[in-house]
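You will see two complexes here that share chain A, one where it goes with chain B and one where it goes with chain C.
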Partner chain A sequence: MFQQITDILVGKFHVDPAAVTPDVTLTDLELDSLDIVELGLTMQQELGTTLTDDDLVNAGSLGAIVELAGQRVTAS
Partner chain B sequence: MAVHRIAVTGLGLVTPAGLDTGTTWARVLAAEPTAAHDPALAGGPVPLSCRVSGFDPASALGARTADRMDRFTQFAMVAVLEALADAGLDPRSWDGTRVGVVLGCADGGPGTVESQQRLLLERGPGQVSPLLLPMQLPNMLAGQVSIRLGATGPSMVVSTACASGTTAIALACDLLRLDRCDIVITGGSEAMVTPLVMAGFAQMKALSRRLGEPRRASRPFDADRDGFVAGEGAGILVLERHADATARRARVRATVDGGAHSADAHHVTAPDPEGRGVERAVRAVLAEAGADGAEVDHVNAHATSTPQGDLAEARALHRVLGDRPLLTSTKGVTGHLFGAAGAVEAALTVLTVQHGVVPPTANLENPDPRVELEVAAKLVETRIGLALSVSVGFGGQNAVVAIRPA
Partner chain C sequence: MSASLAARPHPVLVGVGGYLPPRVVTNDELAGHLDTSDEWIRGRTGIAVRRFAGPGTSTADLACEAGMLALKSSGEPDVDAVVLATATPDHPLPATAPEVAARLGLSGIAAYDVGAVCAGFLYGLASACGQIAAGWSRRVLLIGAETFTSIIDPQDRTTAVIFADGAGAVVLRAGEPDEPGAIGRVVLGSDGDHKNLIMVPGGGSRYRADGITPGPRDGYFQMAGRDVYRHAVDRMSSASLAALGHAGWSVADVDRFVPHQANAKISAAVAARLGLPDGRVLSNIAETGNTSAASIPLLLAQAAADGSLQPGHKVLLTAFGGGLTWGASTLVWPGVTALSER
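On to the complex of A and B.
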C-alpha cells in the first residue's frame, strides 16, 4: 500500500520520490486542501479505499495513512 | 483630449502560428495558414480548427502547476513569462502593489467543465474534482498570473466575447493613466475549441465548412469566405507609462495612444449591418489619440472571415477613415482566437508599427468588391504613423486601440 500511495503522489502530484517517507505529512509534501480531496478521490478510484480528506489530514503521517488505507479498502 | 502615451515594453504570444512572438510573427508575415483537420473534433459537425501544437505546459511551468490550470490559463502563463523577459522586468525586484493584471477571456475553461460533466454523469458528484472551479472560472486567468508574479495590484478578467483582449488592453491603459498602477500585464487568452462549444458555433452557422481545403478555410475579406475557423492561444502585452519606461531605459516597441469601447445595442450575435457600433468606437479612439481619421495608415481588422461581419466592419472603417488605411486580417493565418484575438492582434499591430511591415491577409485571392478599402494581399513595407486594432464581440460589444511608433 505504501508503494501504491507513493506512486500516486509521484505520478499525479509530481512529488519528489525522495521526499516520500513514512514520517512525512501531506503538508510537508506541499499538498493543499484541494490536493488532499483529489488524493482521496484518486485513492478511491485506484486502490478502492474510502478515505475522506478529513481522514487523510487527521491520520497525520504517511505511515498512518497507509495503515488506515489498509483497514479501509472496500470489499469489492 | 491628449492623454498619457502608454508604452508597450513586452510582448508574449502563444498562438497556432507559433509558441512565441518571433515564430508567430514570422508565420503571420509568411501568410501561412494554420487551419487543419482536428482529431479532437472528429465526429462533430465541423472538425476544423487552428490549434496551438507542440505546447508543453509542464516543461514551461512545472508539471504540478500546469496540472492545476485549464489550458486557457496555461497559454496565458507561458505568454506572460515571455512578455516579462521581453520587457526586462523581474517580479522579484518590483513593487507588486503597483502591478496590475487585466486580461480578457470569453469562456473560461469549457474543456474542464465538459470533462467534469462526464464524470458527474458517469460516476456521480462524489467524483467531481475539487479543482473544477479553480480551473474553469474565467477570472482565474488573472488570479493565477497575480499569484505567480506576486502582483498585488488590481487583478481582473473582462469579458466582451471576441473583443475581450482589446477591451482588457484599453482598460489597462486607463489604470496607468489614472496612476492606479505603474505596470499592467494585459492581453487575453482562450481555449474553447471543445466539442460542445464547436457544436454550438456550428448550429449558429458561424463556421467555415471548407472541410476539403482546411488551409483555405479562413479567408477574411475574400469574396468566397464562408465563416471563421476556431483557434486558441494567448497574447500578452506589458504596459507602462511612457515616461516610466524611458526612465528605466526600457526598449519601447510602440505606444498605445488610445483605447475605446462601444455597443451596437442591436442583436446578440449579428453585427449592426452598417457597423455603427464599430464606427463609434473608432471615432472615440481617434478623439482619445488626438488624431483625425485621415491620419490612420493601417488597421488590423477584426474580420473573422464571415460574410456579414467583414463587410459591416469594412463599411464602418471606410466611413470614418476614408480611403487611406491599408487593412489586414491576420485571422487568415491564426483563425479566430475569440477572447484572445484582440490581444494577439494588438501585439501583431505593435510589431507592424515597430518594423514598418503590414502582414498579408492569407487566402485573399478574390477580394470582395463591396469592401471599398484596400486589403493587403501581400506583405507591404511602409512607415506607419498610426494604426488601429479593431475587435468586435458577440453581444455587439466593440473595442479599438490606437498604436503609434515609439
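On to the complex of A and C.
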C-alpha cells in the first residue's frame, strides 16, 4: 500500500520520490487542500480505499494514511 | 417525420464577443492586504492576474460592451431577445437585461436574466436555444456578465484571489442542425440539497423566514472549496459525457474543451477524467481569474480571436456552479470573426 500511494504521489502530484517517507505529511509534500481531495478520489479509484480528504488530513503522517487505507479497502 | 418537425429551426452560433475591464490586479497587489502570496495563488488556482471593474462600472456596463461586440461580430445589430446570465445583477430587482437591451438600442424586445451562478451561461444557452427552436425568436443575444468582486469579501483569501470581473456574449440565430455553429443538446442538471456549498446567505427571503438577523459577512459570497471541487469534477465529467453522447462524438473527437474557468486544478481534473490531452484544453484563467457566468463566452471569444480555436473544431463546453447547477453542450466552431477586447 505504501508503494502504491507513493506511485500516485509521484505520478500524479509530481512529488519527489526521495521526499516520500512514512513520517512525512501531505502538507510537507506541498499538497494543497484540492490536491488532497484529488488524492482521496484517486486512491478510491485505483486502490479501492474509502478515505475522505478529512481522513487524509486527520491521519497526519503518510505512514498513518497507509495504515488507515489498509483498514479501509472496500470489499470488492 | 412530419413537415413541421423537419422545418423546426435550430439554434446556430453566429457571433461572439468578450470584454474585460481595464484594471489588471496582480497576485502581489492582493498579497498586500491578504495573508497570501503570488506563489500560493498560482500554485493553488493557476491565476496570475485578473481584472476588476473599476469604480463606475457595473455588470450592465460590462454586459453592454460584450453584447455590442457580439452583435458586431454577428454582422447584424438586431435580435429578438436578450438573455443575460449573471449572479451579480445591478439591482436585486429589476433584472439587468432590460437595461442592457435598451442601451444596445433594442428597447421593446424580450429581455431577462438567468441565474445559475457559474453555470449561468449554459442555462442561458438552453433558454436562448429554446426561444429559437420554438420559433419565438429568430435571433437571440446571450450575455454572461459579472462584477463578481461586488459580492466578494475582500478579507476572504480563499475567494478574493479567485473571482474577478468580465463579460462575454454570443449571438444565436435560427438555422440548420447540420451547419457549423449549430448548438448540440444542452445537458443541464441541479442538486439543491447542496445549496449551502456556494451561496450568499443573506439578502433574500430565507433569513427573514427563519428570523435570522444578517451578520456582517452574510451579504458576501461564501464557498466550501473542497466539497465544491469534488462535486464539480464529478458533474462536469458526467455532463460532458452525456453531451458527447447526444452529439454522437467520442472523447477522442473533441478538438477543443472549454470548461468554465473555475480553477486550473478543476479543469485539469475533469480533462484527466475524460481522457482529454492537454493540447485540446482551452484556458485563460491565468489572465482572467474565475468570471463566473462570463467565463465560457470570454474564453470562446479570446481563443477564436487568437486562433487557438479554429472553424471546424469540435468543441465541448461544460460548467458547474452554485445551486448546485451544471451543464454541458457541443458545437462545431463556425467561421465567425470573434471580437475580444482586453
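List of remarks:
We adopt the following convention: the second predicted complex is superposed on the first by the 76 of 76 C-alpha atoms of A that agree within 3 Å, B and C clash if a C-alpha of one lies under 4 Å from a C-alpha of the other, contacts with A are read in each partner's own complex, and residues count from 1 in each chain.
By our rule, a residue touches a chain if its C-beta (ideal position, glycine included) is under 8 Å from a C-beta of that chain, and two chains touch if they have at least 3 such contacts.
This structure is a prediction, so every number in the text was calculated from the model and none was measured.
In the superposition on chain A, A:His14 contacts chain B only, with no contact to chain C.
Look at A:Glu38: by the touch rule set out above, it reaches both chain B and chain C.
Looking at the shared chain after the overlay, A:Asp28 reaches neither chain B nor chain C.
Overlaid on A, the two complexes show chain B and chain C touching the same residues of chain A, namely 33-34, 37-38, 41.
Every residue of chain B that touches chain A in the complex is listed here, in rising order: 62-64, 67-68, 126-127, 129-131, 134.
Within the complex formed with chain C, the chain A residues making contact are 30, 32-38, 41, 53.
Chain contact summary for the complex, chain C toward chain A: residues 43-44, 225-226, 229-230, 233, 263, 265-266, 269. By the touch criterion stated above, chain A contacts chain B in their complex at residues 12-14, 33-34, 37-38, 41, 45.
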